[in-house]
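Please read through the structure below; I'll follow up with questions.
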C-alpha cells in the first residue's frame, strides 16, 4: 500500500558513515533511504555572549539544502539573501533537540555548531539531520574528552528523530516524500535513547486528528527510534 | 503555588472585543490576562499565484510584537530589516492552524490575511493570536457571505489554541510569562470546536517528558479549549 | 463644507489615555478622531555611542503602522525587510521634535526611546505621534525624577503638533484623511507649550502657495496647539 | 561675522555648467561655493505602474554623495546595503519639488529620473540638487519638445531652492557647512520663478523660533531665489 | 619540496563520479585530492528574460561552500544574508567559462544552471568546479539530445581548469591549500579540450612576475589540462 | 578600422587632474577619452582588525558608477540594496592591484581607502580606476611622509592598468565601449612602472584564443603602460 512497498511500521534502510569531512571535529553522512544529509560538528572556543561567565556552553545548529537536492531546483538561499522561514524553523528545532541531550555545564563555556546540509532529499530531512547531527556532536565531544578539555561527559543520552503520519488512512512510520506530500497528519518525534520525549510536533494537513491517532503514531515512533539508536551505536563503534 | 495563584487547571480571564479596527473586514482585541493581541482580517481579491485557476482560496497570517510589548524593549523587526526565526515560526503556525479550519474551495480564489499584533505580552501570545485570529476570520467570512460573494460557509469549525506545561513538577493550564520562562515542558495545543486536534507542539525545556505527561497536558488543553470556544461564541453574538 | 462637517478651525475630538502598556516606563493611547496611536517610552541606561562621556542623553523615536491601520492593507515593513522612506522620515521628525523640548544635559547619559505605533489611521498620524509621544516621554521622565536618578527636570516645555492645509481653497485645521488626500497645500506645525515654533513643514501638493497662505495656516496651528497642550495636561493629572 | 566673511544676505558664488555628461538627456554641474553637485536627467519611456493608462507622467529623483565628498569619509551606501534615512528624505524632497513645477499631463506617460550626486559638500547640498536638477530636467524636456514627442511644454515655471538660518543670532542666507553645523534654526525654501512657495521646511536646532524669525528668513530666501533663477537662465542660454 | 611531496608538474589524483544526485539532469562529485565538489546541472525551460525571442539559451552557475568545508568554520552565506564578493566572482567565472564552450543557439531558448557546492576544500575549488561542472552540463545536454529536444549538439568542446603558481620560487602545477596560501604568484587557466585558452587569471601575491614566469605556468597548465580532459572522458564512458 | 579611427596600438588621450576634491588626502580626475573616473584617497588611523598588532597597514578600494554614466541608466546600487557582482569584482581587483605596489610594513598600521567613482563610462573603467587610484594613493602617502608620520616611502613603484583585446580579428590597445562590447577576447593588464606584471586577466568572449594572441596583447599592454606611467608622472609634477 505504501508507494515504497514498505510495511506500515517499516523504516527505510539507515546508514551512517562517520569521518567524512576531514576538517570537522565530528562529521557523518546519514542516509535514510534517498534522503542524504551531511552533518558536521565544529567546536568554537567561545560560548555565545549571553552565556559569558555562566560556566555553561551551547550547542546550536544550521540547516541548508543544496539547490538541486529536490525534484525541481530551489533558489539558493545565499543568493536569495535570506533563509526561508522553513529553514529557520528546522534549524531552531535541531539545535533545541540536541541541546536537550547535553549537560551544558559539563560542556563548559564553549560552543559546538552542528551544520546539517541536505545533499539529496526524499522526505524526513529534519529528522535525519537530528539523528546524524547527534553523531557528529558525539564525535566532537569525544575529541574534547580525549584531549582532557572536558572531564565529565556532557552528553546525557542519544537523541534521535523520526517522522510518522497518517497516509491513506493508516498510521505509517518514516514518511518518504511521496507519502509526506499526501499525508493527512504529519508528525515528528524526537526521543532520547531511553525513549523519553524531547519534542513532539503533530500537524493536521487536511483532516484533524484524534488522541487515538496520536497514540498510534507515538507507538510507531518508539519503534523507529530504537532502530535509529542502534544505527548510531553501530556508526560509533 | 502558581505565581498568579491560579488553580492548576484555571485559565486566565479571557475577553474578546470585536470591531476594534474600522478599516478591517474583521477585527478583534483578545486579552488573555495581560496578553493583549490585536487581530485583523483583510480580504484580498486574488489568491496567491500558486493557486491560480484551482478554484481554491488561501488563509495566511502575519505576526508582530510592538517593541515595548515586553518587559525590556525588543528591537523593532522593521528596523532590524528582517523578521526573526521565532516570528516566522509563529506566523507560519497561525496560518496553518486557521487554514485547517477552512474549506478552501468554498472560500473561492481569494485570500484572507490575518494580522496578529501583540500590544502587550505575558506568555501565550501565539495561542491568543490563533484564538483571536479565528474570530477576525469568522467576521470577514460573514461579510463575504452577507454580500453573496461566498455562498457556502467555508468555515468548518472553531479553531482555538492554548498552552500547557509542567511547572514546578505539576501540569498547569495556560502558562503566563512567569511560568513559561521556568517550565520544564512547554506545549501548545490547537483544537477545533469539536475537540479534534489540529496541531500539537510539545517541547522539553530542560528535562525530557513521558507519554503520561503528554496525556495530562492534553487533558488540560481540552478543558481550556472548551472555555475558549465559549469566549469566541460570546464575542460573536 | 468639510467632509466631517467640522468648522474650518475645528479640531477632531482628542483623547489621551495613559498607562496603557504595563511594561513601558511611560505610555499612552492618543486618539485624534479615528487616528489612534499607541505611544510608549522606554528608558535605556546607555546613551548612543556618539555621546559617550559627554554627560548628555538622547531621545529618539521609532514609528510603525499596523498593516491594516489603513483602508487597504499595507505590506508589513518587517516582512518587506525595510522601513519605507516615509516611515524613516516620520520617525526622524518625531525624534527631532521631542529632543527640541528636552535639556539633554539634565537628562544625563541615558536614552529614551519613543515608540509610536499607529493602530488606526485617518490622517495626521505623525502629529498624533508627536503629541502622544511627548506624554509618554513626560511620564518616563517623571519616573526618573521620582526615583532620584534625575534631579533637575530635563523637560523644557510641552511639545505638540498639528496639521493644517488648504482644502477646497480654504485653510482648515487638523486634516483628516479625506481632506489630506485632496489638500492643495499640506502643513505640519510643531510648537512648544509657549507657542514657540520647533518645526514647520509646508508642501504644495499641486498648486504653489503664498506667504499669506502660510500666515493663515500658522494662525490655525496656534489655535489647535493650545487645545493639544490642554489635552496633554488633562491626561497627566 | 560669517566664517566666509559674506554679508548676511549674500549668496555664495553660483555656477551651472550644462552638458557635462554625454549620455544623459540633460545634465549640469552646479557649484554653490564649495558644494558641487552633478545632476542628470534620464528619460524613460514608461511611467511608473500606478500611472498606467492615466495619461500622466512622473518626475522622480535619486540623491547620493560620494564617500569622500565630506571632511571625513562616509560609508558608501551601496556597500552598507541601504540608503540612509537622510538620503531618502532628501531624494523624496527633490522629486516632490520638481514635480510641483511640472504639468504631468503635458509630459505624457513617461518618466524623467533626476540623479543628483554630490561630488563635494559644503552645506546646502539638497538645495543645490534641486536648483541643478531643474536645469537637467529643463534640458531633457527641451529634447522631448524638439523631437516632437511632447507638444505642449510641461514645465510650468523655474524651481529653485535655498537654505537660510539663524547663525550667531542673525538671519543669514545660503548657509555653508561651518554655519549649518552651528545654526540655531535651519530652513530650506523651495520657490518658483514667480516667487510662489513650493515647500518650506524650518527646524529648530537647539532654540525654538518665532513667527518673526520665519518672516526674516523668508525675506532672505526670496532674495536668494531671484539670484538662482537668474543663474538657471544664464546656464540655459 | 612541495608539502605534498608531489613533483613540480604533478597533479593531485583526480576522480569524477557521475550520477550522484538522483533528481538532477546531470551530476558528479569531483575530487582533486582533498578538494571535493558536488556539481549538478538543472535544465530550465525558460531562458533569462534578456534572451527572449532570440533563439539562444544560457548557461549559468552558482557556487557555494559548506561552512565546515575548510579548516575553520566559515559563516554560512545564507545566514549572513549575502554571497561574498569572492563567491560571486567565482560563480561568474564558472558560468562564463562553461558558456564559452557552448553554442547557445544550438541549445535553444532554455537555461542550464550549474550548481557547484564544495563539500571539502583544499585549494583549487573554482578549478574543480569548472571541470566537474562541465561533466554535469555534458550529462544534462545528453538528456536533451536523447529526448530529441535538442537536435544539434550545443557542446563545442571540453572545458577544464587548473591552477598553477610560483611556490618557493618554483613553478608548480595544481596548488593545494598549503601551497596556495604561500604562493608568490597564483594563476588559473581555463582551456578547451583542444588546448585553446578560454580564460587566464594571473595575480601577484606579494612579488610581481615576468613574462617568462607566465610562459612557465602556461606550460604546466597545458600539461594538467590534458589529464583533466582524460578524467572527464573516463567519467563519461 | 577602429570605430574611433585610432591606430591598433594607439591609446585614447589620457589626462589626470589632481587636487579635485578638497576634503580628500589625495584625489584626481582621470580621463581616458570619454571614460572619466574621480578617484580619492582617504587615510584612516586604524588598520582593519585582522592586522591588529602586526605593524602592517592596508590599502583597499571601493568602486561605483553614477547611474547615468552609461548610455542607458543603470539602477543605483544604494537603492538596489547591494553592490553587483561586477562591482565587487572590480573593487577587489583595484585594491589587490594597488596593494601589490605598497610595502605595507612601511605604511604602518593604518588604512588608505581608494574610492573610484565613474562619472562617465566609455569602456576601460577598471583600468582607469587603477591608474587614477594610484595617483590619489601617491598624493595621500606624500602627505603622510611630509607630516613625518611615515618615514620610509611605502610606495614601491607605479601601478598602471590597460585593457587590450582582439577586435575584428586584430589585437588592439585600450578598448573603448564600442570595441569592448564586440571584442572576441578581452584582457586587462596591470603592470608596475618597471613593466613587471601584477595581474593579467584574459577572457574569451565568444572565440577561444591562443598563446600567440596572448603574446600580442601583452606587447600592446607594455606599450600602453609606458604611456600611462608618463601621464602619472606628469600629473604629479
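Letters A, B, C, D, E and F mark the chains in the order given here, with residues in each chain numbered from 1 onward.
In the analysis below, a contact is a pair of C-beta atoms (placed from the backbone, for glycine too) under 8 Å apart; a residue touches a chain by one contact, two chains touch by 3 or more.
For each chain, UniProt lists the protein as follows: A, B, C, D, E, F = Ribonuclease PH.
For clarity, every value in this text was computed on a predicted model and none was experimentally measured.
**Student:** Which chains are shared contacts of chain A (Ribonuclease PH) and chain F (Ribonuclease PH)?
**Tutor:** Per touch definition, common to chain A (Ribonuclease PH) and chain F (Ribonuclease PH): E.
**Student:** As a quick test, compute the distance in whole Å between the mean CA positions of chain D (Ribonuclease PH) and chain F (Ribonuclease PH).
**Tutor:** 33
**Student:** Using CA atom averages as chain centres, what separation in Å is found between chain E (Ribonuclease PH) and chain F (Ribonuclease PH)?
**Tutor:** 28
**Student:** Between chain B (Ribonuclease PH) and chain F (Ribonuclease PH), what is the gap in Å from one C-alpha centre to the other?
**Tutor:** Result: the chain centres lie 59 Å from each other.
**Student:** Can you tell me which residues of chain F (Ribonuclease PH) touch two or more of the remaining chains?
**Tutor:** Correct list: 81-82.
**Student:** In which sequence are the chains arranged about the ring, given a start at chain C (Ribonuclease PH) and a first step to chain D (Ribonuclease PH)?
**Tutor:** If we begin at chain C (Ribonuclease PH) and move toward chain D (Ribonuclease PH), the chains come in the order C, D, F, E, A, B.
**Student:** Which bits of chain C (Ribonuclease PH) are touching chain D (Ribonuclease PH) when the two form their complex?
**Tutor:** By the definition above, chain C (Ribonuclease PH) touches chain D (Ribonuclease PH) via 82, 85-86, 88-89, 91-92, 96, 100, 192, 196-204, 206, 208-211, 213-214, 218.
**Student:** Would you pull the chain F (Ribonuclease PH) residues touching chain D (Ribonuclease PH) in the complex into a rising list?
**Tutor:** It is residues 21-24, 27, 34, 38, 40, 42, 44, 62, 64, 66-73, 76-83, 87, 113, 115, 117, 119-120 of chain F (Ribonuclease PH) that touch chain D (Ribonuclease PH).
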